[in-house]
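Please find the structures below.
After this come two complexes, each holding subunit A, first together with subunit B and then together with subunit C.
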Partner chain A sequence: MEILLAIMVGTLYAAGIYMILRRSLVKLIIGIILLGNGANLLIFLLGRIAKGQPPIIPEASKTFLEAYSDPLPQALILTAIVISFGLQSFAIILVKRAHKVVKTDDLDEMNATDEYS
Partner chain B sequence: MTEQLLLYPLLLQMFLAIVLMFSWSRISWQKGISIIGSFLNLGVAVWLFSHVWENGTQTIQAGNWAPPFGITFVADSLSATLVLLTSIAGVAVSSFSSASVIPSRLKFGYFPIFHFLLLGLNGAFLTGDIFNLYVWFEIIIITSFVLLTIGGEKAQLEGAMKYFTLNILASVIFLTAIAVLYGLTGSLNMADLAGKVAAVENRTLIQVNALLFLIGFGIKSAVFPLYFWLPASYHTPPSAVSSIFGGLLTKVGVYALLRVFTLIFELDTFLQNVLLTIAVLTLFSGAIGALVQNNIRKMFSYLVICHIGYMIAGLGMMTEVAIAGAIFYLIHDILVKTNLFMVTGVIYKLKATNSMKKLGGLYADQPLLSLLFAIPLFSLVGIPPLSGFWPKLSLIGAGFETGNYVLIGAILFASFLTLFVVVRFWAEVFWKNGEKVEKIRNFPYFNKLRNYKKFQIIGPIVFLSIITLYVGFGAENIQALATRISYELMNSEGYIDAVFSNARIMEK
Partner chain C sequence: MLAAILSGFLFSLFLVVAGKYFRGKLAVLSAIIPLGLFIYFFSFIGRVSNGEVIRQSYEWVPSFGLNLHFTLDGLSLLFSLLITGIGFLVFAYTASYLKGHSYLDRFYGYLGIFMGAMLGLVLSDNLLSMFLFWELTSISSFFLIGFNNTSEASRKSAVLALAITGTGGFLLLAGALLLGSVAGTYSISEMLSLSGAIAQSEYYLWIVLLLFGAAFTKSAQFPFHFWLPGAMKAPTPVSTYLHSATMVKAGIYLLLRFTPVLGNTELWNTTLIIVGGITMFYAAVHTLFRTDLKGVLAYSTISVLGLLVFLIGLGTQYALTAAAVYIIVHALYKATLFLVTGIIDHETGTRDITVLSGLRKVMWPVAIIGFLAAISSAGMPPTVGFVGKDLVYEATLQMEEWSVILTIIAIATNILVLYAGFVVGIKPFTGKLPEDYSKVHMPPMLMWVPPAILAVLGLIVGVFPSIIDGPLIKPVVDAVGGAGSEVHLKLWHGFNLVLLLSAITLAVGITLYFVLKPSAKREEAIAKFEVVSPKNLVTEFGRNFRKLSEVWTGLFQNGFLRNYVSTIILFLILLVGYSLFTTDRGFPLDLTSFSRVTYYEMVIMGVMFLSVLFVVGAKSRLTAVVAMGIVGYAICLLFVIYSAPDLAMTQFSIDTLTVILFVLVLSSLPKYLSITDYKMRIKDGILSSLFGILITLISLEVLAEPVNKEISEFYADNAYVLAHGKNVVNVILVDFRGTDTLIEISVLTVAALGVFSLLKLRLRKDERNIND
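Take a look at the complex of A and B:
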């Protein structure tokens, strides 16, 4: 399970970076989404996966006796998902506006701000 | 009353932003609320600063969860100083933008977003939890996207695309670094991490993780070779927005670097060399970039990059004197860069152009204003006794102590090029005989504005110039502050104790 997730995280990162390096605006957005998902899965993976072990301390003892599934990574991922959702929806609107105003979806042609003026 | 003092800057900004949202369509109300609220926030920040100065590091645990389980807010001298500087810049920019940004832009929620940005900045400076720092960073970048694109001009959208992509990439890298750190240590509290990171056996992973943090914060603080989003975007929005960006946004990255590399990770020789190399290259590339620009706002954008190099140099040398120099430079830079972008805004209002070739004859037109503008310009260069001189003295002194002669060369070279750029700016814009520029109809020229609006534009520049002069002439006070901050950063036990002792009191 862990190894599968690790490969998947790696693939998502690689695909995300590849997509960001493409010249099309839409692929840029897809790249950002893939990268965000990769990061979320990475948090999930690094929080250690323990199946069917609730993070509840038995009444008799004061500390955990066995491996337990950590609830914190899920809270972190939830936060990160909400944030990336907001950013992505903003990004899509921004790309739509940029495409309308600049009239191109080729990033190589979006260089007016870098030119000497 | 004072137990929760360090939450007041956050609560006040959030309250202001929400109140401003309720008066969405009433711009004149928004202006008034924003300016009054910014002054209130300045008062709170001064209160927080003096409280921290007298009583040492203050902490608060969210929801009374004992550390390291809950989210901790910590105000040590560095945080309190930066909150104070944020609120000073906030007052200035709030007043400046209420008169200089055109109403059709203000209509789309400029002020609420502006206060959310200040909320994010205050939060980033005050938090003691690394994931919480990520959340504040996200608040900062999403508000800055909106401020950058308000108005929707072609250049703004193009600049925003670059700014947006690279900043999101930086956030993802930062999040990855947090994930790895959590996997290695099982903690997110920065004070707790300090001990746990030192105890991790797999040093290679810690090294890689430190580099991930360095890249993430490096993109945010615009160091070489990660700065390309900055000159592509900072000159596109209204100058009020540029001034808050140029003054504060890159400095959050520097703050995060200072915090992470003094508290959590220990700098070894390799990381120190990386930081010093970055510093030298940032100083060179920023200065040379500024040299060839014709657009005045683009020129100052490159100078923002150049001067980040000084702070990275201070961090890289990692002695008490060097860090004190970096902190002093940080204080000086926030005030001066905010001011300079406002100066470019006034120049644009006077002449309706940003091109250095077309500008000219400003000294003949506006001698008093020109003299006012000379204060931030020559503070930037660091002509003694103005404020830019003192931190460079500490940095060069520290360079001799640690034997980093190349770095000293780079610092002197960058200072010299800054001098050259500023002198050229002065000669071209103020002394040269200007071309006859065609008057643009319906352009809100500065001379046509009503008197109270002129005051709202010039007032902040005077305000920041006076503080800059104080930083220069009262340098011994600022140096004492910088030395104290540097001492606290270098001896992080104080910070860690402050976070955990609070918990011990709570248990009793």
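Take a look at the complex of A and C:
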């Protein structure tokens, strides 16, 4: 399964970068989201994956009695998901706004700041 | 001594606050500071001439070996007296010369910084602090040259001077660090006893070359001399003070200071003789072609600097004595000539020697001053110049090898320096007074008294050379390693070869002056050679370097997002890929440690893969967004399967929110365009596929490595014990790393505010018009 996941991570990265390289603004945002998903999955995978061992201490115990999956990558990813949501929502609204003002969707036409105030 | 150095800086600081009161009549009061310092240093003459070396030290950054150790020996004392003495006259002169200038306070501020830095430079015993002061002199010189900052020529000259002297400062730092590491100390006085070991060191060559680079750039030696004539764009007091009397002698000071440490080797002496010899002759010839008074003075200054380097290269007691005397001689007459030039410029508004004449009729005291300075530069008796020139000839004649050639060069240079002195000091005052200048009047006292003091001093010292011999010259020679010198200064040596040579110099020089009148034609003629001059080469280099950096910047900073991204990705692929495939670790992929693939996992992966393809290939925005949502839910499922319930919940809600947000604004979003052609798409596709493969390979590689769970174990063990929570992920977020979470929430708040204001933002009518 790890190999499949590794390939999946690679696919997400490749797709993300490909979308970022497009000239269309909407594709750029989708690319960023895909890349973010890929990164989360990468961290998750590298923290080693295991089934049925959530990092929750059993009811009657003070510490873990059995094997548990690594909580640290999970905490990191949780933060990352939330932050990337902030980024995405801001980017989406920004694109909407920019499109309204600049009236173009082509990134190549948006590389000068002087023309629009 | 620290107070003496700081006073200049404090004065500048004071002007920042109280500058506006100093632009008027109070300006002349600033001369009190250098005068006080002059008296202070003057009081040390007795002790220093008895062979005493006064030391003071303060700790500054001892961990770097950077301390404020100051020594006052003969050499430092001579320079300190020059800096404060000439400084006093220049400060006073400026008050009148730049009277009413709206930036007079700023000017004094720069002068104050310069004076402090220059004193620090000559008093420092620590090489590193010396370097700092060295740089400060370059920087204050930059501001002073560019003082008329509305003139493009001034600004260019200032930049050129800073480029050259700044490069020199860099070399000095490198040389100082190398010397410090070889000697094991940055204290110059401690290096004295190590000179043998330093000369044996394998780095000796580099140390000497680096210090030479510093000295030659600062003291305008060929081929780095060209910044000095440009520096004449500065107001005349600056030329007098920095670019003739003191700052340009910093290089000379450096060479003298290190003569006992690094000197007396073939490399040291030969290089200095050659460079000094070329400089003094080359620059002296150049004076023939100048019609601007300050241009003539600039080249004759370079010539004298060359002579000083040349004398240090000869290295005998006679030569070092001659060098010490010549520093005083030059300061006395060249500063006078500069100040006289300033008066002429100030009163007539021109410095063109071809139009100036007969000014003695309107300003005879200035004419006398100019005459005295001119004959001193010519080395006529009974001026101090004569004493100095005699010593130079003595020094060259005494050399065992090449003495004839060296003497001939010295004579030729002196002839031309005489010519230069006469052109500046005598020519403007003789002949007929043009009609235009009949209204010219005497300058204020404050302007002609300072050069008068210097000119008279030159005369007095010339008649009684013994007044500087014991108190000033001998301690200098002692300090630079010629201890126990038997050379004494005399005006009259009797009839001998030296006197004959002096007579020849005078005769030829005066003839030259009468035969060869300065003409604009000659100046134009030599301008044709400007193309191959070092100055032109350096400016060309600077221009081309800028062009190159423009092309370079344009190549990478081209304003197209996808080019930036491709560059970064390509670079990553090449770099990481290279190290991935060249480091030979094998590929220890242990398949047995991996978990098996169940069929439902296969389904999830399949869906995910298809969705990604859909996202990439979608023709409509809605398809892409929906497919992207499916990718997110698939990841969510993976989290569920692989024991991450919190992640699954977060991913689920966030993914939903993102899709909803997208759909909400979809109608106002731009149409989904495919702008790029298929070639571009194939190129990008290859690039991103390579990147994806790279990531896959890296993650597989990492999976083969053992994992370190130390931190996780700490959290797991203490989640309940310390934080009383059973869900370890939650405990980490809200307890162990609670502050991080708080900051994260703030980030989200800011993003939310941004979203809100972007949505609510309405352009006013006038703003809207700009966009149309």
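Annotations
The rule we apply is simple: the second predicted complex is superposed on the first by the 97 of 117 C-alpha atoms of A that agree within 3 Å, B and C clash if a C-alpha of one lies under 4 Å from a C-alpha of the other, contacts with A are read in each partner's own complex, and residues count from 1 in each chain.
One rule holds in what follows: contacts are C-beta pairs under 8 Å (C-beta built on N, C-alpha and C of every residue); 3 or more make two chains touch, one makes a residue touch a chain.
Being a predicted model, the structure only gives us computed values, none of them experimental.
Using the contact criterion defined above for the overlaid structures, shared-chain residue A:Leu87 touches subunit B and also reaches subunit C. Shared-chain residue A:Ile7: touches subunit C; no touch with subunit B. Of the two partner chains, both subunit B and subunit C are touched by A:Thr79. Comparing subunit B with subunit C, the partner in contact with more residues of subunit A is C.
Residues 16, 20, 25, 28, 38, 42, 45-48, 70, 72, 79, 83, 86-87, 90, 94-95, 97, 101, 107, 111-112, 116-117 of subunit A lie in contact with subunit B in one complex and with subunit C in the other.
The part of subunit C that touches subunit A in the complex is made up of residues 559-562, 565-566, 569, 591, 594-597, 601, 605, 608-609, 612, 615-616, 621, 624-625, 628, 631-632, 635, 638-639, 641-647, 650-651, 654, 657-658, 661-662, 665, 668-676, 684-685, 687-689, 691-696, 699-700, 702-703, 707, 709, 711-712, 715-717, 719-721, 726-729, 732-733, 737, 740-741, 744, 747-748, 750-752, 754-755, 758-759, 761, 763, 767, 770-771. Residues 16, 20, 25, 28, 32, 35-36, 38-39, 42-43, 45-48, 70, 72-73, 76, 79-80, 83, 86-87, 90-91, 94-95, 97-98, 101-102, 107, 110-114, 116-117 of subunit A touch subunit B in their complex. Touching subunit C in their complex are the following residues of subunit A: 1-28, 30, 33-34, 37-38, 40-42, 44-59, 62-64, 68-72, 74-75, 77-79, 81-90, 92-97, 99-101, 104-108, 111-112, 116-117.
For subunit B in complex with subunit A, the touching residues are 131, 134-135, 138, 141-142, 145-146, 149, 152-155, 157-162, 164-165, 168-169, 172, 175-176, 178-180, 182-183, 186, 188, 231-233, 235-236, 292-295, 355.
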